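In this document, chain identifiers A, B, C and D correspond to the written order of the chains, with residue numbering beginning at 1 in each.
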Amino acid sequence: MKVAILGATGMAGVEYIKLLENHPWFKVSAVTGKRTVGLIYSDAVKSLINAPKSVADLEVIEPDPRKIDADLVFSALPSSAAREIEPKFLEAGFPVVSEASAHRMLEDVPLIIPEVNPDHLSLIKKQRYGDGFIVTTPNCTTVGLALALKPLMDEFGLRKVIVSTYQAVSGAGFPGVPSFLILGNVIPYIEREEEKVEAEAKKILGKLLGDGIVPADLIFEASCVRVPVIDGHLEAVYIEADKPIDSEEVAEVLERFSGEPQRLRLPTAPEKPIIVSKTVDRPQPRFDVMAGSVPGMSVVIGRIRSGKLENSLKFFILSHNRIRGAAGGAILTAELLYSMGYLRGR
Amino acid sequence: MKVAILGATGMAGVEYIKLLENHPWFKVSAVTGKRTVGLIYSDAVKSLINAPKSVADLEVIEPDPRKIDADLVFSALPSSAAREIEPKFLEAGFPVVSEASAHRMLEDVPLIIPEVNPDHLSLIKKQRYGDGFIVTTPNCTTVGLALALKPLMDEFGLRKVIVSTYQAVSGAGFPGVPSFLILGNVIPYIEREEEKVEAEAKKILGKLLGDGIVPADLIFEASCVRVPVIDGHLEAVYIEADKPIDSEEVAEVLERFSGEPQRLRLPTAPEKPIIVSKTVDRPQPRFDVMAGSVPGMSVVIGRIRSGKLENSLKFFILSHNRIRGAAGGAILTAELLYSMGYLRGR
Amino acid sequence: MKVAILGATGMAGVEYIKLLENHPWFKVSAVTGKRTVGLIYSDAVKSLINAPKSVADLEVIEPDPRKIDADLVFSALPSSAAREIEPKFLEAGFPVVSEASAHRMLEDVPLIIPEVNPDHLSLIKKQRYGDGFIVTTPNCTTVGLALALKPLMDEFGLRKVIVSTYQAVSGAGFPGVPSFLILGNVIPYIEREEEKVEAEAKKILGKLLGDGIVPADLIFEASCVRVPVIDGHLEAVYIEADKPIDSEEVAEVLERFSGEPQRLRLPTAPEKPIIVSKTVDRPQPRFDVMAGSVPGMSVVIGRIRSGKLENSLKFFILSHNRIRGAAGGAILTAELLYSMGYLRGR
Amino acid sequence: MKVAILGATGMAGVEYIKLLENHPWFKVSAVTGKRTVGLIYSDAVKSLINAPKSVADLEVIEPDPRKIDADLVFSALPSSAAREIEPKFLEAGFPVVSEASAHRMLEDVPLIIPEVNPDHLSLIKKQRYGDGFIVTTPNCTTVGLALALKPLMDEFGLRKVIVSTYQAVSGAGFPGVPSFLILGNVIPYIEREEEKVEAEAKKILGKLLGDGIVPADLIFEASCVRVPVIDGHLEAVYIEADKPIDSEEVAEVLERFSGEPQRLRLPTAPEKPIIVSKTVDRPQPRFDVMAGSVPGMSVVIGRIRSGKLENSLKFFILSHNRIRGAAGGAILTAELLYSMGYLRGR
């Protein structure tokens, strides 16, 4: 299938190029940009990557549906641009998989982590764009969290989740955080991030009921902090469950968790969506962020400890913000759409 | 008064030297070390500081009470050494103010933050060392937390405290964390730190009842993480109180908090023990750790937000781990002892 | 005297505000900006500093000479803006001290390090702006170098200078270098920096002859590199002199170096423009950049070693890029102008 | 062939394990350690790596030749240990390839970079240990430099080399540099490093004449600096040659450079020992240190610029200190020995 990438020249966009190189199903047929329209792709992104040959000579074009030949559109646009541009592609009949936040919380738009809530894809049929439809993927901080919480919610019930984050600078895009501000420092604020994490996780963990999603009924509190790390969001999590919860049992539940992508053996699916580390001081971003059979697609969980209350638990989650938390998650979602017959080609 | 510093040649010890230079009441009369016994002090610490003239020529001696002439002993010893050496000084009749963890949790040993629990000093009279007695100061991570929680507990009651930390490398002493491990990384584990924070905070916030301290009755959960920051421990805190809690009221309660050190105008007491920052992305270690009238002695609190439950609240705390969290806190404690008549000279 | 600061709202500009607070001779009377025109100063710079009260309420205005009442103008403008705006102030009769590169290399414009070439100020009389005149200060990397080379050139002659730099991120202004590029990395390129260093140092060390400056006749080779340091440019220098050169003698020559600012006891003049460190692993940016009687105004030199050739020498230089290398150097230059009678008020 | 690794449990030693996993010729048969004797290998190194299965269960033994069955011994020992232990293995008849500095400068010991001076291996026949012999590899900082200089010396002659380094923390081993010293800092001193670089490079570039090596006749000046980078030593180089030197010609000469390892297609030989980058701001450690067909084995050179003298030149070199500069270089040397018939098995 031919895929187009909207916003292909930014830090988020180039990840699609890297991950789709040699993809068995998808081939990049078009790349759009803003300030670099008219350049060839390799020149447009030379400060970020050496473009692979298969896309090096593509011309960067405007995000205009009439100029694009593709069976699927990935959107790596900034949110404000996405709000304006994605609808044009929907109306023109394209399937769109978007990592932008613009449409994530709309009622009829599925917000998907393929292992967690593939059933939410049925919302697509409520959308009214003819052949076009949109599926979104969550904020990079939400992904690891919701993936880790899903098996715990199913097994123990969840009442309350308190999370503090340690987020890599690559999550802020490019140019992102000025080095003068973050060297030897941590910044306890990321604009609108806490609200996104709280709302998105509840939607993803929510139930499909009748015509829509009923968000998960739990207390969710996030404190989001930027740290001087290149890649990998670490999260310190405290939860309270419906039932007594045992840390050894939790390790087992997490390790054996598996979903549709694993069952369908999707190309970008890691063997284990969740890896449990038993080492006392792990996971650590620099050493663990690429763990697993598909680097950057597994979440690593460690330091699982019982809390003082018998229904409480503490642990750390690490996930790759640029792979599982962005391009990798979107590609896996597209693979799921393809396997489930949502993509027919145009 | 003449003061001796045990462990004066390590990273913790040199801070006493810096802070006591020009102190109106205390003058350093003796410094002890381990591998540098026999050297003059300026040579023993040359890789850490340029020793001020007043102590440069002191000979580093063994921690032997018979060789020391002092009215007060500060202990900056590592915990294992403290366990063995501090009792010798107590038995020899010295008042000891110790930042080591060795004796903090003993029943008859006060664990003091001068603004928070000066009344706990009355435990001293239960100690059985003749003229000698020991007062301890808390772990560097506990200090900022207990200081911030005290006015909240008094005003709103406290049921539950969930805290995640962002701790500076200087908190690990010297040589401390290898650069290979922490550059571009965060490490979600600090040996025994979480247990210390949880137990110490409950003791400090506890009530003096009859012959001892009844620890505060609340759920306390800590996740301790090392980050590549030089100085300053940041903490992300979530609390649940007994009563509804309003974020604006909290800001006022914190700002007007004041204690014995302020009332007594102790030399190392900051005008405000707690500074509330209204800037959206503060406090930050690199920019705020020295805020206030006595640099490093005030705790800075920011991002005070209401939680989803009406009795819940989130905020960030920053405190200087080497000043308020160690030498500065111990010196302020000694000043309090002096003002209250506990130090008589020898 | 009343002073105006052009470009007062950027990272370079705010340094003037900090250093001029409580200045005995100069008082800030006007601040100009670009995107923040109309705001009060404290709001315009709140992400960079807490503006001191004396300037907090000044309105940020356009850089229009007709709107400014000042006896002296400091320019902290970016070079392109300086090229356009500074001439307007000259034509309006203002004395301008500029740290911008725009006019540094013009024949009739003095490029001044007050200790090195105060005699070059006589170029002012060749300028044709009526009462107005312009004096420039060098690139932040040139300053430490030229200051260190001056006494060596006078004593031993200089034939060749090979320098490699380790430059702090604050030298790139704000937002400057993206953290994603510099964390755990070094970048061996700074646009036009090597050319500037080579040309400027030769002009500063040059001789005033008749109507102009004859640049110093020496080979000058620079390699400029950005490193993840906040403040302080370190430079590794190799020189070849006209005469045999002895490292101990060099240390003496450097230490006793002193200039007009010291003789005139200018307010911002450090007691020693050059501090020689004897410690084997110094100078280091984080520990030494603020050394000396006026923090940030002294250059620290260390590791002075003889080379294989008897006329060769190696050493390291550290200087503060934001103080001596920018605002501090410009203020010292203005103090020199004032003492020498160049500033008469308007 | 069976290979033993001395000092297999340190940071240098574990690199051999990583690089020899799946090696076509060499299989690790023994690992020695100091404090971990008696442990199985995977436990002994768990803080550094996850040991691959092939060596995980090897017992860590003392470095005693009588206890070791191997056809070749790699030594990753610290220099002081190497001085004592390596001779025992030589006397017991083992071929030893050592990255330790202890014996590098001995007259009859070859100091080898396989592409540069394979002919120096003939020194082996002068050694008097029966079947045993020793070959050494250079300091991590020397390797990239000597590799880059070799083709330039052959083509243009070399008179003078001035080099300043930007060295990664992993070059200091483990625990190495304390994070408190290097975060946001650079340290302009590495013990004995400058002397090593200067002497070793002259030996490697020297000529085999009669019974020994005549060091290259050139002026060599090094300034060695530690920077907060994980892996990869960058070097700023200035040279003066015998002939006029043109930067474009230099790029060609460097790019087409190739040696015995390439001719013999040794398993660890990169296709190109030298990669020339044309990008204006490269090479950079974080982005380029793994460039080439065998990651970490190629040296990347960039910013080749003509100097002011017609026979002078400036450029930057990047090489991987833990791969080409240590284990990788030693393994390539062993492969060369094997191909040339020096290793017969025992």
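In this section, contacts are C-beta pairs under 8 Å (C-beta built on N, C-alpha and C of every residue); 3 or more make two chains touch, one makes a residue touch a chain.
In this text the structure is predicted, and so the values were computed from the model without any measurement.
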A-D against C-D, pair bridged by the larger set of C-beta contacts: C-D
Of all other chains, the one whose Cα centre sits farthest from chain B: D
Separation of chain C from chain D, taking each centre as the mean of its C-alpha atoms, in whole Å: 42
Distance between chain centroids, defined by C-alpha means - chain A, chain C (Å): 47
Multi-chain contact residues (two or more partners), chain C: 183-184, 228-230, 286
For the chain C and chain A complex, residues of the former touching the latter: 11, 169-170, 174-184, 228-230
In the complex, chain A residues that touch chain D: 46, 183-184, 230, 279, 286
Residue numbers on chain B that touch chain A, as the complex places them: 162, 164, 166, 183-189, 219-221, 223, 225, 227-230, 234, 236, 238, 280-287, 302-303, 307-309, 312, 314, 316
